[in-house]
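The following blocks contain the structures, represented as C-alpha cells.
What follows is a pair of complexes built around subunit A, which joins subunit B in one and subunit C in the other.
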Partner chain A sequence: MQTFDLVRASDRPAAIAAGAESATAQQGASVRFLAGGTTLIDLMKLGVERPERVVDINRLGLDEIRKAENGDLFVGATARNSDLAHHPLVRADYAALSQAILAGASTQLRNAATTAGNLLQRTRCMYFRDLASACNKRKPGSGCPAIAGANRMLAILGTSNACIANNPSDMAVAMLAYDAVVHVQGVAGGRQIPLADFYVLPGQRPDIETMLAPGELITHVTLPPPKTGERSVYLKLRDRASYEFALVSTAVAVTLADGKIANARFALGGVGARPWRVRKAEDVLRGSAPDERAFRNAADTCLDGARPQSHNGFKIELAKRCIVHAFKQVTS
Partner chain B sequence: MAQPQAAITQIGQARARIDGPLKVTGTARFTSDHNLPGMLYAVPVGATIAKGRVTAIDIARARQMPGVRAIMKRGDFPPMSHITPNFVEPLMADETRPPFDDDVIRYYGQYVALAVADTFEQAKAAADAVTVSYAAETPNVDPHLAAENTKVVSERGDAEKAYAGAAVTLDAQYAIAPETHNPIETHATVANWDGDELTLYETSQAVVNHRNVLADMLGLPRHKVRVIAKFIGSGFGGKLWPWSQSPLAAAASIKLGQPVKLVLSRPMMFHAVGHRPRIEQRVRLGATRDGKLVSLQHDYVNTTSILDDYEENCGEATPHMYSVPNLRVTSGLAKRNIGTPTSMRGPGAVPGLFATESAMDELAVKLGMDPLQLHLLNEPRLDEGLGVPFSSRHLKECLTLGAEKFGWSNRDPHVGAMKRDGMILGWGMAACSWLAARLDCSVSVELRQDGTARVASASQDIGTGTYTVMAQMAAEMLGIAVERVEVEIGDTKLPPGAVSGGSMLTASLVAPTEEAIAAAGKALIARLVAGENTPFSGAEPQTLAFKQGRIMAKDAQTSMPFAAALQTLQIASISGQGTGQGTFGAQRPKLSSHSFGAHFVEVTWRPEIARLRASRVVSVFDAGRILNPLAARNQIEGAIVMGIGMALLEGTEYDAASGAPINANLADYVVATNADVPALDVHFVEYPDYNLNALGARGVGEIGLAGAAAALTNAVYHATGIRVRELPLKLEDLL
Partner chain C sequence: MTSLFDAAVTASDAGEGRIAIKLRVNGQEREVSIDPRMTLLDYLRDVLHLTGTKKGCDHGQCGACTIHINGRRMNSCLALAAAHAGDEITTIEGLGTPGRLHPMQAAFLENDAYQCGYCTSGQIMSAVALLSEPCGASDDDVREFMSGNICRCGAYPNIIRAIQQVRRDQQKDAAPQPAGA
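After this line comes the complex of A and B, so read on.
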C-alpha cells in the first residue's frame, strides 16, 4: 500500500474542495472519498488504487433514509447497506432493493458498506485486481488479458474490444429498475444524474466508468415513489449458495391490470459493463398476458446484441432463465 | 494380536476438546502469534513470470525505504543444500530445491527476493518496491495432460484381453481441477537464531521432519535446530513438509542476528506451498451382463513441477476396492510451470475414487442395475491386489446401513423422476476407502505424586483433536480422569513423534503410550521393591504388576495407585518412554489395513434457474473403534464439506499466458460456505481393528472426503441425466 494522508472533512464544501484537487474522479484519482472503505481500502492494499489523500466523509450527516416531501425515497450517500436493506420503507415499497442488498457480500460487509460506495464499487475482473497483469482499465493501453484468459464471470453486454469487465453491484441493479437518480454536489454546484446515465460504457477508455468529475460528492440517491400495485423481486444466480458475486441477476417490478401486464421494469446484473436495462424489452411486455412466452420474448430482447466471450457464453441462456423465472415469481 | 483393554472408560466418550478454551479465548498461540524481542518482519518477492530467468533485481529504491533492514536475494547468504527425500529419517520435502538456488524461474510466484524491515507494513512496501527484470519464456500450464514416465502400479490377470471379451464395457475419462489448500492459517515461520541454535516456530504437521530438512538445507547439526508447532490453524496436507519460506526466514535471522517473522499472504498460498495437482484419469470396466466385474483398467496422470516428481497416487484404493480378476493400474506425470504439488487431504485415493466410483455408477446405468447392488455384488473377500486378507473390512455393513438410513430403497432409478417441492431430486451413492497404518512414534509419560500425568511427544495437533485423544488414551490406560492428564506436543525437544498426516497419528500413538506407561510402572515397581517401609518392600518385582495406574500384587490382595506410591517413596514423579514401530509402506504386509465407508447424497435441481444444491448426506464409516465420537464426527463432517467444494466449487485457474494462479484469493477461489452444506448424517459401524493397535482405533481425518465427490456427481446424473466427468462441476455443464 502506498503511503497516504487521511483527512476527516469538517463539512461538505471542504470535502468537495479536497476532492477537486484530483485531476480525475476515475481510475488513478489522487484524492478519494472514504465511505465504508470495503472497496477502497481493499484496492489500496492491492495497489490498484493509489490515492495520495483519503478524505473521510463519514461525519457529514449524509446517512439519512427517509421519505422526501415529493414522495421520493431519499437515501443518504453514507447510509449503510444494512440499514437500507432493513428500512421499513424499503422493505414495504422497494422489495427488490432490500433483497438485492441482502443477496450481496456478507453481513459484516453490508454493515460497513454505503450507498455511494456500493454504486462506485469496481469490477471483480481478476486481472484488474492483479498489478502484475496488464489491464486497460487500470493502466490504459496496456491490454486486456481477460479476453483470452479467465472471463467466465465477466460481461456479455456493453463490452468493447478494450475491456469486457462487468459491474458487480447487486444494489445498483435494483436501483436502476426503480429509476433511481444520483444527486451530486461539486465545486460548481449540484446536479442530478439518472442512474441510467450515471455509468459510461468502456469503449476505448475503460478507466472512465462514471459521469463523476473531480470533487463531485454523491450526497444522496432518490427513488421515485412506488407505483401502486407494483410487485418486485430480485433473483441472483451464482455458483455458491451465498457470499459470492452474481453470475447473473435481475430486479423485476411489475404492475398487473385486468390480468395483463400494465407496466414492467427490469434490470440485469452480472452481465453488463454497467447494470443493464433495456426499455424496449419492457415495452414488449406492456399489454401482454403474464405468461412464459411473453417473458421469454422480453428476455430475448433484453439480451439482444450480447457478445459472449470464450468462457461465458452460458450467461446468455442463464440470464434469460433468470428473467423468466423472476417474472413468473412476481406475477404468480 | 494384542488384547483389548479390560475396562473401557475414557475411550469412546464424546469429549469436547481439552484445548478448546484456549482457542475460543484467543490464548492458544499459533505460529504467527509469537512475537520475540527485536523481531523483524520479512515479506518475500515472488516472480511474476512462470518460466524464464531473472536478469536483474533492482533493490535501490526498496533499500532506502523507512525501516528496511535488508533486501536479500540470491548470493546474499551461503548456498543451501538440496534435499533428497526419504520417509525413514524422516527427511521429506516436495519442493527439494532450496530458495534462491539459481536464477531460473520455473513457476509463477517462485521467491526471488526477501524484504526485511522493522514492521510488516514496511517490509510489504519494500517488497512491492523491488523491481525484477526477467528474460521471460512462454510457460506451459496446459491443462490437457499427456503422460510422461508412465509406469504400472498394480497388475493382475490380463485386463486388456478380459476387457475386449467383456459383455458390457465402460470407457470414461475424468478430470479434476487443481485444488489449493486453504486452511484459515496461512503458512508462517518465526525464526530465531541465537548465535548457536536455531528455533523455528512453524506451521508444521511434522516438526521432526521439519527440523531435519531445515538443518540439512542450512548445513546445521540437527540438534542445533528446534521446531515448535503448538497450535496449527489446520493444514490439510499443505503443511506436511517444509516449503521455501521457512529456510528463507531462517537464513534472514542467521544473517541479521535477529528474530524474523514471515507470514504468507493468501495469494502466496497458491504459489509455493503445494496444491492438489490437476489429474486426468481413464477408467475402463468390463463386466458380465449380470454385473460381475471381469476387468478394471485405471490410468492416471497428474501435473508436477519442472524439478520435482510429485505423484498423486490415484490407484491407492483401486486394487483392493472391488473383486475383479483382471486389473491394471498405471500412473504418469506431466511437467508444468507450476509449483510442486503436495498431499491434500486424502491424496491419491480421493481423486482416484472420484474416477472409479463414477465409473461404477456409469456401469450400473449401462447394466440397468442399482449401483448399491453392483457394489455388493463385487465386494471382495480378500485384498486381491496384495493377495492377503483384510485386517477388518466392513464395507458391506456401511453400504447397507447407509442405504437404510437414507431410504435408498425408495429410489426411482429413472433420471429426473423423483421430485419434491417443485424440484427434481437426484440420489447418488459411492463407496470409499482410506489406508490404515502406523508410523514410528515415541511418547514419554511422567507420573506425578499429585495423581496427575504428563504425556509428551513431538507430534502435532493440526486442529483434529490430538491433544484430546492423547489425554483420553493416557487417562484410559492410567485409570484417571482426562482432566488429570497434561499433554505436551509440537516441539522437537520431546521424544520424536509421528507426522500428522495420512490419518495415521492416532493409531501410531497407542502402542508407545502403553509402552511408556508400562516403563514408568516398571520403574515405580523397582523403587517400591527397593524402598523401605513401602507395602511392597522386598517383594520380587515379577510378583507385581502395573495396571490401570495401580501397582498390584499379582495375587491381587494389595494394590496402590501410583500417586500414593510416589508419596510413600517421597519422589515427585517417575517417567517412562515408549516407541512404536510403523507399518506404513511395509513391502509385504500380512494383512491389508484400510478404513471403508459409503456416502449417500441427495441433490436438488431446479432447471428453470440452473440451481443445484446438495440437500442431504448420509455417510457411514468402518474406521475401527472411535476414540472420541465428537472429534471423529467433526473430522468426517469437515471432510464432506471439502467434498462438496471439490465437486461443485473449487479449482485453481492458471492463466494460460502468464502461468499465474489468477484466482489466488478467497473471493475467486470459491470454497463451500455453510449455506452450501446440508445437514450431514454421519454414522460409524464400530469394529475395533486390534490388528492395528490395542485400542482397535484407526484415523478418521481423510476417509470422509473419499468418495464424496463421486456420490455428488452420481446424484447429479440421477437428477439431470448429465454425467459430470470434470470437477468442479460448472453450472453451465447443466444448462
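After this line comes the complex of A and C, so read on.
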C-alpha cells in the first residue's frame, strides 16, 4: 500500500477543505474520505486507490437515521448499513431497502459499511482490481480487456465500447426505486442530487463515475415519504445463496387500486453501468391488471436496448424473469 | 489540519510518518506508535502477538479476521488500526481463557465444530456477536447470519449445531424459573 497521511477531520468544513485539495473526486483522487473503509482499504491494498491523504469522517455526527419534519426519511452518510437495514422506520416503510441491504455482503461488512460508502463502492470487474491488466476505468486510454475476456458478471445496459463494468450496489438499487436524493456539501455550498442523476454513464471516460466534485462530502440521503398502500420487495439472484454479488436484482414497489396497478416503480441491479431505472417501463404498468402479461411487458421495456457481451447474454432473460417474479410476489 | 487525533500527538513526535494513538484491546489500553497503513489485523498479530485472529484473504472475503469493535463484529483486515483510537477492541483472546471458556467456545469444542481450526476464531467471534443480533430462530437464519465466515473444511453443520445449542441454553436461562425451583 502506498503511504498516506491519516487525519481525523475535526468538523465538516475541515473535511471538505481537505477533500478540495484533490484535483478530482473520481479515479485517481489524491484525497479520500474514510467511512467504513470496506471499499477504500480493499482498493488501497490492491493499489487501485492511491490517496496521499485519508480523512476519517467517522466522528462528524453524520450517522443519524430519523424521520425529517417534511416526512422524508433522513439517512446520515455514516449511518451503518446494518443500522439502516434493521431500523424500525425502514423495516416498516421501505421494506425493499432493508431487504436489499441485508442481501449484500456479510454482517461484519454491513456493520462497518456506511450509506455514502455503499453508494460510492466500485465495480468488482476483475481487471479493474488487477494492476497488471489494462483498464480504461483505472487508467483511461489503456483499453478494456473485459470486452474480449471474463465479462459474465458485467453490465448489459448503459455500457460503452470503453467500459462494460456494472455497478455492484444492492442498497443503491432500492434507493433508486424509492426516489432517493443525495445531499452533498462542498466548499461552494450544498446541493441536492437525485440518485437518478448521481451516477454518470461511462462513455469514453469510465474513470468518471459520479457527479461529485473535489471536496464534496455526502452528508445524508433522503427518501420521500412512503406512498400509502405501497408494497415493495427486493429480489436478488446470484451464484450462491449468500455473501455474493448480484447477477441480477430488482427492487419493486407497487400500489394497487380497484384491482389495477395505480403506481409502480422499479429498478435493476447487477446489469447496469449504474443502478438502472426506466420510467417508460413503469408507465406501461399504470392502469393495467397485475398479471404476468403486464409484468412481462414492463420487463421487456426495461431491458430495451440491452447489449449482451460474450458471456452474459443470459442476464437479459434472467433480468426479465427477476422483474416478473418480484412483481408477482409483491402483488399476490 | 495536521494531526486531529484525540491523542493530539503529531506525526513527528511519533517518528517519521507514524501516528501515536491509544488503543484499547481486550480491556487494556496501550499507547502505540504505528504506520497509518497498518490494519487492525496486522497490529493484533504482528505487534501485540495476539495470533488467535487469523488472516485468510486480507480483503473482507472470508471472515477469518473477525473481531468485535465496540461490541460489533467486523473484519479487522479492512480496518486501519490508527482510525480505531478510542474504540473498544475484543479478540478471541479476550473472550475466554483455556480454564474459563466462553460458552460459545465450549460449544464449539463439544460439537466438534472445526477440522483444521483456521477459521474457528473468526467463526466464534461472529457466533458470539450473533447472540445479540436480530437473527431468526431457524438453522437457515443462522446460516444466513454466519455467511460472512467461510470454512474451507466444511465444518458448517457442526458450527450451526454449536450456535443453536448456545442459543437454546440462553433461552432456558432467560426463562422464568418455576416457583420453589
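Operating definition for what follows: the second predicted complex is superposed on the first by the 332 of 332 C-alpha atoms of A that agree within 3 Å, B and C clash if a C-alpha of one lies under 4 Å from a C-alpha of the other, contacts with A are read in each partner's own complex, and residues count from 1 in each chain.
The rule we apply is simple: contacts are C-beta pairs under 8 Å (C-beta built on N, C-alpha and C of every residue); 3 or more make two chains touch, one makes a residue touch a chain.
As the structure is a prediction and not an experimental result, all values here were calculated from the model.
By the touch criterion defined above, A:N111 reaches subunit C but does not reach subunit B. In the superposition on chain A, A:M1 makes contact with both subunit B and subunit C. In the superposition on chain A, contact of A:A68 is made with neither subunit B nor subunit C. Of the two partner chains placed by superposition, only subunit C is touched by A:G37; subunit B is not. In the superposition on chain A, A:A14 contacts subunit C only, with no contact to subunit B. By the touch criterion defined above, A:L89 reaches neither subunit B nor subunit C.
By the document's definition of touching, of the two partners only subunit B reaches A:S133; subunit C does not. In the superposition on chain A, A:Y243 makes contact with both subunit B and subunit C.
When both complexes are aligned on chain A by C-alpha atoms, subunit A residues 1, 3, 241-243 touch subunit B in the first and subunit C in the second. Note for the complex: subunit C touches subunit A at residues 1-6, 11, 17, 19, 35-37, 39, 58-60, 63, 66, 72-75, 78-80, 82-83, 126, 129-130, 133-134, 143-145, 147-149. If you check the complex, the residues on subunit B that touch subunit A are 48, 121, 124-125, 128, 608-611, 613, 648-649, 653, 655-658, 660, 662-663, 667-668, 670, 672-676, 730-732, 735.
Residues 1, 3-10, 14, 17-18, 34, 36-38, 41-42, 45, 54, 56, 58, 82, 86, 105-109, 111-112, 241-243 of subunit A are the ones touching subunit C in the complex. The residues of subunit A lying in touch with subunit B in their complex are 1-3, 47, 124, 126-127, 130, 132-133, 145, 148-150, 235, 237, 239-245, 247, 314, 317-318, 321-322, 324-325.
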